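Shared between the two complexes below is subunit A, which has subunit B as its partner in the first and subunit C in the second.
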Partner chain A sequence: MNYKAVIIGGSAGSFQVITRILHSLPPTFPLPVLLSLHRLKHIRSGFVEALSIKASIPIVEPFDKEQIKPGRAYLAPANYHMFIELGNKIALSTEESVNHSRPSIDLSFITAAQVYREKLVGIILSGANRDGAYGLKKIKDLGGTVIVQDPSECQVKTMTEASLKMTNVDHILSTQEIIKFLQNIKTTAP
Partner chain B sequence: MIVTDQDLQYFVTTLKNVTKYDFSEYSDKSLKRRLLKVLTDLNLDLIGLLTNIKQDSCFAENIVKEITVNTTELFRDPPVWHLLRSRVLPRFKNNKTINIWHAGCSTGQEVYSMMILLNEMDMLDKAKIFATDLNTDVLEASKKGVYKYRFNIGYLDNFDKVIKQNPLNFEEYNDIPYEKYFDIDKLKDTITIKKFLTEKPIFRKHDLVNDGNLFFAKFDLILCRNVIIYFNYSLQNKVFELFHANLYPKGCLLLGMHETILGPWANKFEKIGQAYVKK
Partner chain C sequence: MIRYEIGIVETRNVIKSILDTYGYDFRDYALTSFKRRLEQVIMNNGFKDADGLISRLSGNKDYFDLFLQEITPETTEMFRDPSLWRTIRDEILPDLMKGGPSKPKLWVSAFDSGEELYSLAIILKEAGLLPEVQLYTSAISDKVIDKIKSGRIDAKELEVNEANYLRFIGKRNFSDYYKNENGQTILDTSLIHGVNFIKLNTVYDSAPGGIKLILFRNQMIYYNQILQDKVMYQLSNSVVPGGYLAIGVKETLENTNTSNKFTVFNDLDKIYKKKTT
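This part shows the complex of A and B:
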C-alpha cells in the first residue's frame, strides 16, 4: 500500500510514547505525521518545544490553511480543532469542544479519513477518554489501516479499549512495534 | 447524512436571496460542517431547512446565528496577551487617544480582557473601544458581560497568567484580586464583569462581508482573532484590505494565534511577533 499520511491520537499517558515514536522515525520519513493530542492545561504552550527536543523530524503547530508536507509532524494547536482538507491542507477551527476536547481526535481522524481514505494509517495511543474511537472506526470504514497501542502497555487504557470495542483493528502493537511499523512504511511508499 | 457541494450551494444561494448575508466566500469545508450540525440539531433535511428559511425571515436570521462560530474566552491564548502587554500596547502609551476595534467580538470576553489589560497599564481612560459582530444575540450578551462560572474556570488561570504574572520576570507577581474586574457568584454560577467596564465599549452589528468601517474613526489597533479561519482566500484578502485602509500608519492588526496573512497584503505590514503593523 502506498500510504499518504499517518495520523496519531493520544491523551493521558501518550506523551512519552509520542516522544519515542518521533525520536525513532528516520529524518527522511516519507509521510506527514498528523498529531491530535489532548493536552494538560499546564503544558498548553511549550508542548511543541518539548516534543521537538528528541524528534528526528520537524514538528510544527500549523497555521490555518497551511500546506501539508511529507517528513513533518503537525501538532494540533491547543484550543483549536485540527481538520484535514482536500488539497492536503490543514484547517483550524475554534468550534465547540467535542467529547470535552479541543482538539478533538475524532474530528481530526474523520476529516483525515475522508481525504486520504485507504492511504491513511490511524493510530490510537494511551488516553483517559473515548475521543478518537469513532474517528478510528471512520478510518477503517474508508479503507485505511488502523492500529491501537496494546492496552496492557498503556498508562491509561480507556481510549484504546474504547477503540478496540468499536473497531476490528488491523494491529494491536506495543510502542516498539508501532515504531517498527512506521520505520518500514518507507519501503512501501513510492 | 452528508452535505454535498450542491447542497451547500443551494443553502448559500437561498440565504443570500432571503437575507442580506452572503456566505459564498466562507471556507466551504467549515461551512459544510456547520450546515451539517444545524441540520442534525434541528432534525431537518436540506429541503425542510430551505423551506423554513424562505418562509420565515426570523428563522433565517437564527440559522445565520447558528451557522457562525461564537466561541471565545477571557484572555484566550495568553502568549498573545503577553505580546500585547510587552510589545504592542506600549507603542501607544503616549497617544492622546487609542482607538481599538474588535471585529467579530462574539460574546465580548476579548473586549473585556483588553480593557482589563489597558486598565492595568493605566491606558484605559484614553481608549475608545469599538466592538462588532454579525450576530445580534452575542452582542447583547457582550453588553451584559455575564458568563458561566463553572464552564469557564479556565478564565481565571488565564487572568493569572496575563495580569498577575509577568512572563519576562518570574519573580514579579501582582496580586490583583478578581473582584477588581468581576464578581464571581458560585451559587448562581456566574462571572459578572464590573459595570465600569461594560458601560464603556460601543457595540454594533457589522458584517465583514458587506459592511465597511461603521465608525467615523481610524484605528490604532484592530483585533480580529479566529474569524478569518472561516473565510476563503479571496474574502480574507478583502478583509485585510478593509483593515489596512482603516488603520492609522503604524497601527496594529492582531489575528488569531494560528492565523496568518498570505498573499498580497502580507508585505503591507511588518510583523512584531504575531502582530501585523501597518507600514
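This part shows the complex of A and C:
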C-alpha cells in the first residue's frame, strides 16, 4: 500500500512513546504525521517545544486551514478539535468536547479516514479513556491500516484495550516495532 | 460513540434547500465541520436522514430558527484564553476611552452563545466602564438572542468558566456574577442590559459601522477561504482606523485579502489593529 498520512492518538502515558517515535523518524520522512493527543486545555505553549527537543522532523501546531505537507508533524492545538478537511488541510473547531476531550482523537481519526481512506495509517497509544477507539474503527472500515500499541507495554491500557475490543486491528506492536513499521513505510511520493 | 453519518452530496442538498427556501447561504462553510453539525442535528431531532431534515425545514420558519441555533457551534467557555481578556482590560480599554465624547462601540461579532458577551461585560463592569460604552452583539437566530438574554448557561461549564476567570485574575469572585435557581445557573442579566442585538445572516452583509473593538473569535474556523475573505471584508469596513479586531488564537488574517488593512497588535492572542492610512 502507498500511504499518504499517518495519524497517532494518545493520552496518559503516551508522551514518551511519541517522543521516541518522532526521534526515530528519518528527517526525510515522506508523510505528514498528524498528532491528536490529550493535553491540558488551558496551557497553550510548551508542548510542541517539549516534543520538538528530540524530534527529527519539524512539529507545528497548525493554524486553521493550514495546508498539510509531508515530512512534518501537526499537533492538535490546546482546546481545539483538529479535523482533516478535503483538499488536505487542517480545520479546527471549538465545538463541545467529545469523550470529555478537546481535542478528541475520535474526531481527528474519523475526518482523516474520510479524506485519506485506504491511504492512512492510524495508531493508538497508551491512554486513560476510550477516545480514539471509534475513530480507529472508522479508519479500518474505510480501508486504512490500523495499529495499536501493545497494551502490556502501555502505562495506561484503557485506550488500547478499548480499541482492540472494537476493531480487528492489523498490528499490535511495541514502540520499537511501531518505529520500524514507520521507517519502512511505502508512499506515493516519488 | 456510534455516529450517524451523511455524505457530501446529502450535505450539499441540505445547503441548497436552505438557500432556496430561506436565502441563508451556507455554501462556503467549511465542509467537515458543517457536515458534522448536520449529523448532530439529524441525530438530536430523530430525523431519519438528510431528506427528513429537508422536509422538516421546508415551510417551517419556527423550526428553521431552531435549526440555525443548532447548526451554530456554541462558544462553550467564558474567558476562554484568559490572557486575551487581560490584554483587553489592561491595554485596549484604556485606549478606547481616549477618544471624543461619544461612547465607543464594541461588537461581539461572532455568533456567540453568550459567553464572549458576558465575559466582555464583566471586564467592563470591573473597570467601571459598562455605562461608558455601547455594546453590540450579533446572532443568527432569535432563539439564541432569547437564550443570551435569559442568562442561562450550561451548569457543566461553570467549573471551566470559574477556572478561566481565576486565570484572568478578575477583581471579584466569579460567583458574584451568577445565581442558581432550581439547579440552573443564571448569569446576572443586568450585565447585558444596554446591549444592542443585531440579527445577521451568514454573510454579514448588514454589519454596523464605527466600531472600535470587534471580537470575532473562532468563527472563521467554520468558513472556507471564500467566506473568510467575504466576511473579513465586511468586518474590516466596520472597524474604525486605529480600532481593534480579535480573532481566535489559532486563526490568522494572513491568508485573507484584508490582511493588508491591519497590523498585528498582539500575536499571542491574535489581536489586530486597523491601519490609519
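Assume the second predicted complex is superposed on the first by the 180 of 190 C-alpha atoms of A that agree within 3 Å, B and C clash if a C-alpha of one lies under 4 Å from a C-alpha of the other, contacts with A are read in each partner's own complex, and residues count from 1 in each chain.
Keep in mind that, in the parts below, contacts are C-beta pairs under 8 Å (C-beta built on N, C-alpha and C of every residue); 3 or more make two chains touch, one makes a residue touch a chain.
Just so it is clear, the structure is predicted and the values come from calculations on it, not from any experiment.
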{"item": "Overlay on subunit A: subunit C relative to subunit B, clash or fit", "value": "clash"}
{"item": "First (subunit B), second (subunit C), both or neither touched by A:E61", "value": "both"}
{"item": "Partner chain(s) touched by A:A91 [first = subunit B, second = subunit C, both, neither]", "value": "both"}
{"item": "Most subunit A residues touched (candidates subunit B, subunit C)", "value": "C"}
{"item": "Which of subunit B and subunit C A:Y134 touches, first, second, both or neither", "value": "second"}
{"item": "Partner chain(s) touched by A:A12 [first = subunit B, second = subunit C, both, neither]", "value": "neither"}
{"item": "First (subunit B), second (subunit C), both or neither touched by A:D106", "value": "second"}
{"item": "Touching both subunit B and subunit C, residues of subunit A", "value": "61-65, 77, 79-80, 83, 85-86, 91-96, 111"}
{"item": "Contacting residues of subunit B [partner subunit A, same complex]", "value": "27, 29-30, 33-34, 69, 71-72, 76-79, 154, 157, 226, 228-230, 233, 256-260, 262"}
{"item": "Contact footprint of subunit A on subunit C as seen in their complex", "value": "1-3, 30-33, 36-37, 73-77, 80-82, 163-164, 167, 218, 220-222, 224-225, 228, 248-252, 255"}
{"item": "Touching residues (chain side subunit A, partner subunit C) in the complex", "value": "42, 44, 61-65, 77, 79-80, 83-86, 91-96, 98-99, 106-107, 110-111, 114, 134"}
{"item": "Of all residues in subunit A, those that touch subunit B in their complex", "value": "41, 45, 61-65, 77, 79-80, 83, 85-86, 91-96, 111"}
